[in-house]
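Each chain carries a letter (A, B, C and D) given by its place in the written order, and its residues are counted from 1.
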Amino acid sequence: MSIPERMKAAVLFDLGDLRVTEVPVPQITAGEVLVKIEAVAICGSDPGIINKGWKGYPILGEFIPGHEFTGTVVKVSPDVFELQKGDRVAVEPHKGCGRCENCLKGLYTTCLNYGNYELGHRHYGFSTNGGYADYAACHVTTLHKLHDSIGFDEGTMLTGAGTVLYGYERIGWVGAGETVVVTGPGAIGLMSAHIAKILGAGRVILTGTRENRLAVGRELGADITINVREENVIDRVMELTDGVGADLVVECTGQSAPAAEVLDFIRKNGRISFNGIYHDLVTLQLDKIVQWNLLITGPKAEGKLNLKRAIPLMADGRMNFKPLITHHFKLDDINEAFDTFNGRIGGSIKVIINP
Amino acid sequence: MSIPERMKAAVLFDLGDLRVTEVPVPQITAGEVLVKIEAVAICGSDPGIINKGWKGYPILGEFIPGHEFTGTVVKVSPDVFELQKGDRVAVEPHKGCGRCENCLKGLYTTCLNYGNYELGHRHYGFSTNGGYADYAACHVTTLHKLHDSIGFDEGTMLTGAGTVLYGYERIGWVGAGETVVVTGPGAIGLMSAHIAKILGAGRVILTGTRENRLAVGRELGADITINVREENVIDRVMELTDGVGADLVVECTGQSAPAAEVLDFIRKNGRISFNGIYHDLVTLQLDKIVQWNLLITGPKAEGKLNLKRAIPLMADGRMNFKPLITHHFKLDDINEAFDTFNGRIGGSIKVIINP
Amino acid sequence: MSIPERMKAAVLFDLGDLRVTEVPVPQITAGEVLVKIEAVAICGSDPGIINKGWKGYPILGEFIPGHEFTGTVVKVSPDVFELQKGDRVAVEPHKGCGRCENCLKGLYTTCLNYGNYELGHRHYGFSTNGGYADYAACHVTTLHKLHDSIGFDEGTMLTGAGTVLYGYERIGWVGAGETVVVTGPGAIGLMSAHIAKILGAGRVILTGTRENRLAVGRELGADITINVREENVIDRVMELTDGVGADLVVECTGQSAPAAEVLDFIRKNGRISFNGIYHDLVTLQLDKIVQWNLLITGPKAEGKLNLKRAIPLMADGRMNFKPLITHHFKLDDINEAFDTFNGRIGGSIKVIINP
Amino acid sequence: MSIPERMKAAVLFDLGDLRVTEVPVPQITAGEVLVKIEAVAICGSDPGIINKGWKGYPILGEFIPGHEFTGTVVKVSPDVFELQKGDRVAVEPHKGCGRCENCLKGLYTTCLNYGNYELGHRHYGFSTNGGYADYAACHVTTLHKLHDSIGFDEGTMLTGAGTVLYGYERIGWVGAGETVVVTGPGAIGLMSAHIAKILGAGRVILTGTRENRLAVGRELGADITINVREENVIDRVMELTDGVGADLVVECTGQSAPAAEVLDFIRKNGRISFNGIYHDLVTLQLDKIVQWNLLITGPKAEGKLNLKRAIPLMADGRMNFKPLITHHFKLDDINEAFDTFNGRIGGSIKVIINP
């Protein structure tokens, strides 16, 4: 397969103005690989990037968003020995500079040179070009071979799975047999519930307002769902835990009131992972962190190669996100894809674009 | 059901001389519960206790061994509010003194007052009477309610499961997607392989010499088995891991040569949990701990309430040790049960006694 | 020295009505020791207990507050072998029930049976009688022998030191060479700054509004102090850390605005320990926990025997809180002592009562 | 100061044949800095490298050993913004490839591409040229600015200090107030004892055979020394710890018998860090790891930027290794320096070469 000189890409011309146009196929430099993109999923953070911008991204008229993608290797830089033409890969959006203190300590998703292209930092679809295109130039450290049994579409879910896993790693993994409450049945919440069970949770309780999403949660392994419009979540969790509270809460609503409320059903010595994007301030009973001896963290993206951790789990079918993939579009129809995603049209959860 | 005054029990009259006789039903004191024993499994440590003794156990002629047991609550001390008559329970063999530094820090399986009955330490079947009997007096902190879906026989496996889980907790749990090698397909090895998968291991490799045991391992979830009589285990693990080595090794042979050999197929920065009983000294390339930056531990029994962690996993069928239960005997036939266990007669793995 | 039948004690007759009266010397039961109290320090939580009450304390007219105390053993229960008459001891306020899940896991300061006297829980000066008295009955697990070189007065500081140390333990200790910011130069803040240095912090930055307190902080080892009335604390910390932020922040103001502000000068991947008592809600940029990959906790009192950890450090003079002890009173003058403490009269920091 | 074209360097011409000769000053490439070497210390691993070789080092006739060095920046690659001419620096010997799994996770001292120069791995004085020379080309990620108060000679101790600190980090840091036993008063042992105290150890016990070295240990902060030729170390440690054993043992003898013996005086639940170079196999009571619930590790060199952690501690005088520096030589006298070091002539501990 010969590589063309030009390709189709969805370029952000102005805030809110994303259009498919023709641009040069990117050149690869040392350590890089050219990937023919096979599938890219819309992430919940994409609409914000497109409509409100992202600090430090490339100039309008050039920037190509999209960061949950898979593809096929079509060209490798001569110094790359890890991959070869034809390899099927999942792409990790973050590449650290490799020289700041955080990168040297393995914390590349919080690289201190974030957005500094010259120093080698990359964040595909955020600070550098991403995946809504036919091709992308990706550094070898951001590529992970897909197992044969993982399709390109499902493979796009690995980015989300990696973030969820990193959250669990940072909070000390799921303790075997623990009762885990996941709040909010968005894509990350559903993944969090599914993965908690895969990692040995005793019971997974999923909360939310939309009955159809809670049903997907049950399909993905949630033992109990609580519709917060119909039941008092605090009372219910306390009842289910003999008045003790949840061992681990994974907050995935991204909203202020539910985020504050987790302190009301966490157990003494419980752990909380905040996995949402919190646009607003949150008003908390901070004292409970001290009096209840809590441990709190939240994952900055799919750090410490957690995307890679997800691959064997997806390969043998334990991790199965196919129920989340509700829609497919061609790259030319990207705006329709975003409308479907944003409007939750047809019960959309994950919307895939196949360039 | 009225409680009789006397009961049958297997008493150790001399080293190697275990006989069923009649003794008084034990009295319960503050914090204690009388348990009618329904099932007790022979543990790999029992033959040693019976034939060679155990430092500090009760005097010969009185000592009742047996520490993997389940039963029904038939009487509770007035100060016990956590349980009531009729509750089905699994018994945790260790009760710490509750006042030494280790107990206060939650490390009761390594109680500094081990064997001190007056100070409140108990180790059923080791330093105090155990479960090869009709009844046992157990402290409330050592009892865990059995979920309805767990039978008494399978419930005896919770002790072993708790030890395996404690090993995983101490070594930092199984990291999602990791390649775990379990050496030795004895009961603990088979449980370790099964549980690794339940906790999110990517691949589980089980090694051993007996093909029938390796087959049980595959039935319990091992992805790959290596018969060390037919293949070079070091070469094979290295090949399976692209020359890197295993992320985590759980050593379950209890033998010196295999225990030393794990250093040859662990990865740099790998973790090792020694889960065996090592009667002999082991000669190691200690330098590799330093040069390979390894982390090593081993679980002292089912610490930190890990027996309890196993209950929800067994209750919903993820943890299924029924393939390990190969034989049943009545208490009167306990010596035949031990012969079956020790001689691996009829492919015995776990042998259950139902008093 | 014979033990009298009656003793002086400061009893809480009504909210805000603390008076010295005569009461029976407490009886000791199994596991207990009678301590003749030599010194007790007023803790910042005492005024709230006295004026607003504490959930579950003993009935008014009987309750004796006070929980930072030292004394001499004058009588031991026959089952207590760890101590003997004449031993000088520091008292740990918390004793767990010893049978709930948290206690069994070593988390006795968050005992699930908090306040349940019958089950064995004790919290001297909170849920059970404390130290503003001539004598107190204390469980052996709450007593720690004082090294000869530690005076009774200074020994009362061990409770606070234990809490500060537990905070450091929970947040992963102080990493060697780290830049630690401590906010708020109250007693706990000053102790936190002093102890950070003892544990190997690179630089300790102490913030506050009162110049005389900041001066005490410098005397205790703070390398840099920031008067937040004169300098912008965010700008200053960022400047001192080359724009990266603090590795670890220990929040000790207990106030909402400064507690929220720590998120503005913590580094990416930083750790925060909330050590204050936060009476009010706190409104936070919660999103930063996720985007900055933070780790957050707060210590529930002097857990996991951290009071004991402080003893050798104080014994050899590395930990020196004598500059904090500003005033002494007799028990009869307890209300004057509280006035001095509450009004910060004469620059009071720690006020000691010697019964 | 102009940079000459040629320089003096100690080149390894054959095993055991180290000679000072003239070679070209190294060229710097992207990310690199030319360092004028001011001081380099002989490490205990150097004699082995020189006399027995090191797997994968540069060819004989070109290889320059030496890896504990400090110097002055004299030239920087245009892409290096972190340093400038005139900066005084300490050099970290390890630079990972930055693209293998271990490097990406922050574990660069165990880089999976160790010795692969093309992929960017460096290990100065081991797999690439080191510091027994006038100049060295060093990657920016391996350089740490020296505080003004740290001299070049003392700065060479930062490498050892970084290794010791990494050992403490890996074993969970020193717990405040713990009793730490350090075995073996070589340079790393003496540093380990000194640093344990700096990090908050309660008591530090140093063991050894040489009285003069033990005296240096006491000067550096060891509270108690045990001459194992005169006292039974097991009995003595047990006596000092009320029969419980040491909380943490740092094994620094590198010899088989003492390495095995630490299992006899560690406490239940204790931690062991093996810091030595163990040329021989070690025969251990492995069972104790399980029965005593031990945690064991050993640091692969100065990982996770621990060299940098040591700088503020040395800068303010808490870390003071000047008593270890016993001898100085010029580069021309390097073989005399090695003779002094190897023969422990004149009580030599650390021998410095100033090019």
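Quick notes on this one:
Following the convention adopted for this analysis, a residue touches a chain if its C-beta (ideal position, glycine included) is under 8 Å from a C-beta of that chain, and two chains touch if they have at least 3 such contacts.
As the structure is a prediction and not an experimental result, all values here were calculated from the model.
When the interfaces C-D and B-D are ranked by how many C-beta pairs touch across them, B-D comes first.
Of all residue numbers used at the contact between subunit B and subunit C, over half are used by both chains, marking a mostly same-residue interface.
Our note on geometry: subunit C versus subunit D, Cα centroid distance of 39 Å, whole angstroms.
If you average the Cα atoms of subunit B and of subunit D, the two centres end up 42 Å apart. Multi-chain contact residues of subunit D, defined as those touching 2 or more other chains: 101, 105, 107, 308. On the subunit A side of its complex with subunit B, the touching residues are 165, 168-169, 172-178, 195, 198-200, 202-203, 223, 306, 308-313, 316.
Contacts from subunit D toward subunit A in the complex involve residues 31, 79, 82, 98-99, 101, 104-108, 118-119, 140-141, 304-305, 308.
Residues of subunit A that touch subunit C in their complex: 101-102, 105, 107, 109-110, 112, 170, 244, 256, 259, 268-269, 274-279, 281-287, 289-300, 303.
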